[in-house]
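Both of the next two complexes hold chain A, though its partner changes from chain B to chain C.
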Partner chain A sequence: MTAFARLRYELRALGPAAFVIPLLVTLIYIGFAWIAGDSALRNGASDSFAHYQAMRGLLGLIENGLPLAAGLQVATITGADPALELQLALPGSYRATGALRLALASLWALLVAVAVNALIVVAGYWPSSLISPTPQGLLIWLSPLLVFVTLGTTLALVFRSRVVSAAILALLWIGQFLFEPLFLSDGLLKLVYLFLTEQVGITSYWLTNRLILLGLALGLLCAALWLLGRNEWLLGAEA
Partner chain B sequence: MPDSSALASFWGALRFEFVMQARRKALWIGMLLLSLFLLRNLSALYSGSAVVPDARTAVVEWTTFAARFFPIAIGLLLADRLARDSKLHVDELLLTTPAPRFLWLMGKYLGAVGATLLPVLLVQLFGSALLAIRWGDPSALLVGVGVFLATLLVSALFVGAFSFACTIVLWPVLYQFLFVGYWFWGNYVNPNTTGIPTLNGTLLTSDGRFIQEGLFPTPPAAHLQNATVAQALGSLGLLLGCAMLALLAAHYLLRWRAAHQ
Partner chain C sequence: MDIRIEGLSKTYRGQTQALRDITLRIEPGMFGLLGPNGAGKTTLMRILAGVLRPTRGALWVGDHDCSTERGRIAVKRLLGYLPQDLGVYPDLSAHEFLDYLGLLKGLRDTQARQRRVEDLLEMVGLAEVAGRKLKGFSGGMKRRVGIAQALLNDPQLLIVDEPTAGLDPEERIHFRNLLADLGARRTVLLSTHIVEDIAQTCQRLAVMKSGQVVFCGAIGALVEAARGNVWQVTTTGAKPEGKFTVISTMRLASSAQYRVVGEAPPHTTDAATERVEPVEPGLEDGYVWLMREQRPSVLV
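Our next item is the complex of A and B:
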């Protein structure tokens, strides 16, 4: 099988959901951002407040919407291969196959995030007075996205269950809102708070937070790659 | 009136689904891990404060906090139950049996919801027992069970029914995302500050807030809104009514799918 044919097969194996869902998520968030801005105007708020409400909605899309969708997607991909036994019997490493699938799903999520980022800038909803779109602005979504992707993969492999991985990701996501005061009042927890930009803004520790999250994602990626190489562990997954 | 074989299929589905779900290691490990999120809340209630003057209030607060949190995990853990039958082709096998489809679906639904609630109940009882011991008031345990039934059980039945119905027509990941988004939108988003219309604050608030506040009221300082008993019963009826509609939709969708296979 040529590399191109292999790539085409893997893309088909990912299924249409992997490609369509980030786009649907984008449309849903844009809808809510528009409603928030329009509602502010109808309630007599100033144009700048309506603009701010819509901007928060769009920041939410890149900082918490797309990362959750990507995390849930990779948890499903990692934990589901109906021909796993067959693949493990082949000379090729399953670790490489798993890593390729993870990379393809993440790449699409990254491409959508880059496109949405560019659209926000072009549409004039980027918080330019606080942060430039590149290079630091990319960390608004890159850090949480990579954390969700690598955490979703690692949890799916550790628990050998897609739904448990999804449940933990979902609660971590909700927990960022529900426990926001707890995260922000603790010196260590605020450094790993995932939705810092949309919920708080660009703080003095914003860059440290983003870099620590990237480091965390790197550590989780190493753990996921290690688990992908443990064949006997992979075989015990839930049906 | 269903005959005895129909009831046997209902009980059989309920029993087997309960046992299958309760035996999932991932369910126990996942739920107990998620309980760690609640430890800080339990510790704050254990210490007591002006807002939490007695064991009854502490137990009500403990359970309602869990009800804002656990149903997300419950909904997601139930979302793969029907999809699994389809993936393993058990649904095709079941079609060949004389068991009535709707009773089978109800049995499966109630068994799965019951088993998924089991670890949550244990965590809730553990916390309630600690709080009852702290104030030396064993009757608080009974209040805890009451609030559990009013909030977590109703919430689990509501989200469980939609997890069953929606996964018949939606991609699993899309459902998971929409469900998490729904929970945030319908239970957390404040329409006054965001301007976004939401179910939050209506009788369809699915964390059971209205039911708890109407049937198990706490001192006014503990909550911003106080529901009446009529509102509590209205919320209970609406949530369970919607759950039943979702199950009926699931039943007809499964029938339609079987006819078009």
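Our next item is the complex of A and C:
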């Protein structure tokens, strides 16, 4: 009962935006995917091309839309705990509270991604000729999602500013599109390219890329947890 | 609950020295901590609350050694803390916010916790708006929520940092009375730069300046320190100038009265000066005198 009450309050403390924004992003991307398919048909393209356009839009949703939304959300939550000093004066560990909130916000983004993933499969837009929907196929979105979430948290803790961390995340996101040729032409950079599936497809190094991104997310998570235990840093007293 | 601080220093990374070799003993009851902005009061409060760790020195709260993690956690269980910048979760109601913090403070019995929350909301006069979201609360109402959360675990040690900042006069009086009542049964540490708050509630105080304690003792002793150095000047001329601090100015029908603190009375040769007379010092005079003098070796 106590644990349930705690969870309920932590969810409330996250604020409604944490739950609404991933859903909004999903709706926006689905709308764009539908428009892309429909306009291809109107311009005389074949059914298969229109289907491909819609599929890319939906892949974009799970590989780059939801991860960005989740990253921005956790950056906002972590970078601005209004009752931080009260929390730090409590007997329990703030690291545990921060980790719980991060887990809850990530879990919601994960649930939305799973639901969208299932929807894409059911609607016949999954690239099944290239990769099966589960379990390896989940890495299409799981790897970039975890990178954005852990990076958003770490940036918010390092800069103690949701604006700065959100701006860096947005720049990283845009940079992935703008500098795609640079990323893909470099032997090392292509292994950390975040939107590989939607921009290139399932390549020979796709699985390596996804696993490296998961490792990167793990490293960022460790950094975030370390920072969550540094009270002086969190209060901005440690210059 | 006694607090013993010995040789406590705090240097932030970047070499800003916030506290310098502080030694203090705080006994049960109301204890005031006074000083200008930037004196190190908030750093000291945060160290006492276990939020920050000192760079050097020893700190004992009751039998708990706060240089150990176990000691800090034990003190946090006995502690009520109202920070200077009290933040709240705007989407929670006052009742929910207190219930949430009660949970985090280890009040596991749901019914007992709910009763405690309701009693405290009643005590701080927020029972009627308990269900309203905190984002709709005024600054004064949030401070009242702050004091209620600090009392959730019936703390033996209550640390309040600038509790009356931003409150209107009526709320300030209410708060001061509340703190004085609380101080009858526990150790209450009141940090502020508002002299009046200390004068109305505490018997003992420490004064801090530039990270050091420059006075520690009874309020009466600080007041006495200014005796013979406080004057009232009545003049029809310009504001008196010299080696003294003007504490207050009162405009009268055809003249003005100035209360000044300094080593020597203002000059009386000015034709416009009607009267210069020594007056009884108050705590504010003592504080200003101390800040002018800064004689820690004499007064501590």
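Methods note: the second predicted complex is superposed on the first by the 235 of 239 C-alpha atoms of A that agree within 3 Å, B and C clash if a C-alpha of one lies under 4 Å from a C-alpha of the other, contacts with A are read in each partner's own complex, and residues count from 1 in each chain.
Here is the rule we use: a contact is a pair of C-beta atoms (placed from the backbone, for glycine too) under 8 Å apart; a residue touches a chain by one contact, two chains touch by 3 or more.
Please read all numbers here as calculations on a predicted model, not as lab measurements.
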| item | value |
| --- | --- |
| Contacts of A:Glu63 with chain B and chain C, given as first, second, both or neither | neither |
| Touching partner for A:Glu198 - first (chain B), second (chain C), both, neither | neither |
| Partner chain(s) touched by A:Ala83 [first = chain B, second = chain C, both, neither] | second |
| First (chain B), second (chain C), both or neither touched by A:Tyr9 | second |
| Superposed model, chain A: greater residue contact from chain B or chain C | B |
| Which superposed partner A:Glu232 touches (first chain B, second chain C, both, neither) | second |
| Footprint overlap on chain A, where chain B in one structure and chain C in the other make contact | 238-239 |
| Interface residues, chain A side, partner chain C - complex | 1-2, 5-6, 9, 12-13, 15-16, 81-92, 97, 231-232, 235, 237-239 |
| For the chain B and chain A complex, residues of the former touching the latter | 24, 26-27, 29-30, 33-34, 37, 40, 68-69, 72-73, 76-77, 79-80, 84, 87-88, 171-174, 176-177, 179-181, 183-184, 188, 194-197 |
| Residue numbers on chain A that touch chain B, as the complex places them | 17-18, 21, 24-25, 28, 32, 35-36, 38-40, 42-43, 53, 68-69, 72-73, 76, 159-164, 166-168, 170-171, 173-175, 177-179, 182, 238-239 |
| Interfacial residue positions of chain C with respect to chain A in the complex | 12-14, 16, 43, 46, 49-53, 73, 76-77, 79, 81, 83, 85-92, 96, 99-101, 103-106, 108, 110, 149 |
